[in-house]
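Here's the structure, in structure tokens; my notes come after.
Letters A, B, C, D, E and F name the chains as they come in the text, with residue numbers starting at 1 for each one.
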């Protein structure tokens, strides 16, 4: 199976981190390529950043499909350009939010998300409403760390634990989703730390969830519906 | 009052049509400027087109605010880049969907939208869920005409009437919203034609609704909340 | 444009206050008449008061329409007799709740209402459900001051600020609506006081919102749908 | 047990019919008094009629409670003044809608209402939203007969059967509620006629449902919550 | 009228307590039989216990109907096997949850449930969603006492009061439902204790609510819809 | 990885069919065991059948976990005893409904289910509400074939195609889920047949979806939350 991961950021550093993480999740039969956009933001922390990254993401998704990718992961929790991408290619495409939350929904009653900054909370709540998940997903908390500081795993883990615990204690959530695909390699540790306090709380890593989701879609032989994602009519478009 | 209208299309023709339409709605005290994006699609008929138009729209919105605009109308029913724009400027910004539907909600129980093509129906239904209006807005129908053919008012009016009447007769809607800001100058005629059949059904023109909405916001002294639309953190961004 | 404001109270004092407030919001081209009911309560602070005021309100609305009013504002946040009035006249009619909340919905994700007494909170929450706004409007708080004591602007402003701040700090709301049309002349000051603490939070004055809403409806050439508001069948009625 | 039935109509004829019907449902231990309002409409077929009946209904409810009534039924499907009445008396009060629909909810998945005229359909749908029942109650159909013609049981039964059958066949509803308390003495026949076609469909008579509901409330020792229905503050009120 | 109460527990002690309680609620004309299952759990405190009790409950319900019971009450707040039972008999069947909550919905805006252990809270919240009551029923609290310790009325009452008061004070609920049919004989005392603090809060006893509900259904001449509860096709089944 | 499939039926024939189907979906590294219950129904076509199968399913799930299974699939679309099972074992457990519908939600806007008989439609709609998916899953249609006749693939495929096409044409659904785990080996053919008519509509096979779902859960290192699924308290239980 051939998968492409599109990083919606202009930084090569992040691309490198993603490459390592991706290999952790996939089997030996899956061939992954990680690419990044050429124009756009250094990180996504607002709807503004999402909009700037849009055209670049779509360019890379189309290139990937033309190059034979059987599935594409746009590695950002805000699902930027995901629905647009489904209109223009004939393979499964997901972002970080949708597969992580769908996985979480089968693990407990209420799903809580812990993300980076207050800036993206309204965007995430808009996604929850857009996808129709308000009955089951309500709690959105923040570690209050910009994306570009997430490489410090100790601080990140401490703050994730604080917020996850608070959400569970207040009975806001019984399952935790990490709300940023830049929170790499901490899900298992957080899950362990929470369990050590007495109650097993599953923690979903959005990168792992997305990659296994795409593998499943390919193995199930499905891809997005053309009755929801119609091909855009031909017309003049200036890139 | 100084207003800017941003057309998310690369065509000067449409910009001209908008300019005339806009003058029809505003009073002599309001000074309007109509601008268009430089890169993007010739028309918006998909989430793909919306994403391509995003960076250009934001560039024009920022320029407008810097140039003293007191409010900005992004003239597209899909509300492209509207929420992103609210993050980066300190003046009211609306697209076509939100003010038209909000106006309609005070006129009858259920609101029906008649738009251009099947391609944009899922996008519009996503907006309905995102804004939380599913209890009151359900019917989305199409005239099945591409945006660039809307300049034929007779065909447009005939098909709008067909679809609006069908929505009302099936009790899907008691108020009609025109679901494309390119449907210019037909709302009043459609309203008249429907009334001639015995029951007054209000028809909302999204351009008029948006412009009067912005005038009201300015006169009320309000603008988008900074607790929902936080300013994007400073960072490297390649345009 | 000719507008009528109907005060659902039997007090001339309040009518005077309304008259001054109304002139503050409207342009020189709009001609306003303020009238009051002859039978009913001294203030509206319960569903009981609303019901008592109903017949008097309808009498005044009908008289206004017969006298040439192009739009009618029933100046009470509980929207008393608003839907009944739309059945019997052919011009736009609004109360205080609907236009204020609709305006607020375009300014931020969640709308919070600060009203007078605990007595009216269930009535307001019933309106929120009736209008289908539960996904976006949840917080209803009180200053705990009877309507007839609202003329003390300092106490009112202090308590409004306390409650609005509490709603924003608890992330219940990012936009504030004043939940009583008797809270006159304080919206701008409250907005300023909240902004002075660091984050701009828009505050909607229900009187201003209603008047500009009606102006917009008249300029858009619309009025309530006769498919929702059917004319009541003729029959014997003892006033 | 002492019950009062308040007819919100100015006609003695209807009061007589109600008296007979009421006796059919109650046991020998229950003492019923049927009263009517002095000012208001001859029938309720609009929100306008409801508003006109309001003060008269409240006057009778208060009088009944003062006279020792242990529960009050306001015999109209629109639940006029029901919530206002609960604020001013200390005994259970219901209208026609609430107990009929609550009874029906325990009998099948979706509840369908068949009422008199298109005029009251939006009012009934507003009640459904107000009470929060939209997930289970959706279908509202009409026999298209004014209230004052309902005394013709053959036509009424034929049309009720037509509409109930249509609702069941379209899978809109599996339980039927008669949507007017003036549809007297036909529920059992309709239920029989539907069952004769092969599938048992329960039919709820709103008068019977309301009376047994009140009996149950009294026997359970409960009455409306004073945390929802606060007593209206004392003030000047001109009747 | 002949009613059967099915206890889904294997203990004779509980059956005895139920018998006494049941007689408290019903009139002299109603003849009640209390039976219990032969295989299953000693108490129901999980979905696991519910599933174990299922076949035994259904056996007793069928036996009761064959023996002439006109209505059946499965005395457990989790409504175990209730919907299955409605498929196989032609008489009204209820559990503890549905009639208690439906009764409560007519007494105030928001209903709060106080149940036994945290273990059953997700099950109760699943029922709330299944029945479509999320807009009106949200608060589920626990006294943290296993079912088999409920016979200590003092501790039970103290803890119920604590939790009910907390729900009311936090404005989570204005009506209280006892969330276990094993909480026998305390509803009236709890209601009194709450009222003594100043505000009347109705408290629903699920056993009383269920019994009176069934009496009403029988008197109204209705039973569950065969369009929702279809008879199971004949086939091999090993008990 | 070691997986157990529990068939909630007493028939060895069905167990054989499941075994073949299961091998089709899983990789060579996954070791599957298929077991069946000893007491219960020959097929599940009602809530009654579900309840009868409950204790047997739980017995097999517990045995499987004790025997080292890392995940368990209860192969029935009604998710019988799934939530109960999660309370008693420490490994992922799913039925047919949940993973199929969650997979489908990422493939298009609205999900339609085509199941066997009208008898199970209310049960499936109850699951939709219980899981909180009403905004996205609405259409439930039937091929009107009992489970034990599904072995005729031609008739089954013809009727599935009829119903799936009807759902898509009526715009009820853009993604199809097969609503019975006994519909084996037809999903791909149905998907092909629908695509041949011009529009690609994904079709989800519930068995494949469930197995890949469990594989993903195991690879992600997660299992159901103990804050939702608490271990049942110890007590006397008669099997």
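Heads up, the rule we're going with is that a contact is a pair of C-beta atoms (placed from the backbone, for glycine too) under 8 Å apart; a residue touches a chain by one contact, two chains touch by 3 or more.
Not measured: the values here are computed from a predicted model.
In terms of the stated touch criterion, the partners common to chain D and chain E are C, F, listed by label. Between chain A and chain F, two chains of identical sequence, the interface residue sets overlap for the most part, with shared numbers making up over half of the total.
In whole angstrom, the spacing between the mean C-alpha positions of chain A and chain B is 30.
One finds 43 Å separating the Cα centroids of chain A and chain E.
With centres defined as mean CA coordinates, chain F is found 52 Å away from chain C.
Multi-chain contact residues, meaning those touching two or more other chains, occur in chain C at positions 109, 122, 126, 129, 131-132, 134-135, 174, 228-229.
Of all possible chain pairings, those that touch are A-B, A-C, A-E, A-F, B-C, B-D, B-F, C-D, C-E, D-E, D-F, E-F.
For chain E in complex with chain C, the touching residues are 109, 135, 174. Of all residues in chain A, only 25, 90, 94, 98-99, 102-103, 105-110, 131-136, 168, 174-175, 188, 191, 199-205, 208-209, 212-213, 215-217, 219-229 touch chain F in the complex they form. Within the complex formed with chain D, the residues of chain C that make contact are 10, 38-43, 45-52, 54-55, 57-58, 81, 83-85, 87-88, 117-119, 122-123, 126, 129-132, 146, 148, 228-230, 232-233, 235-239. Contact residues of chain A toward chain C in the complex are 122, 125-126, 129, 134.
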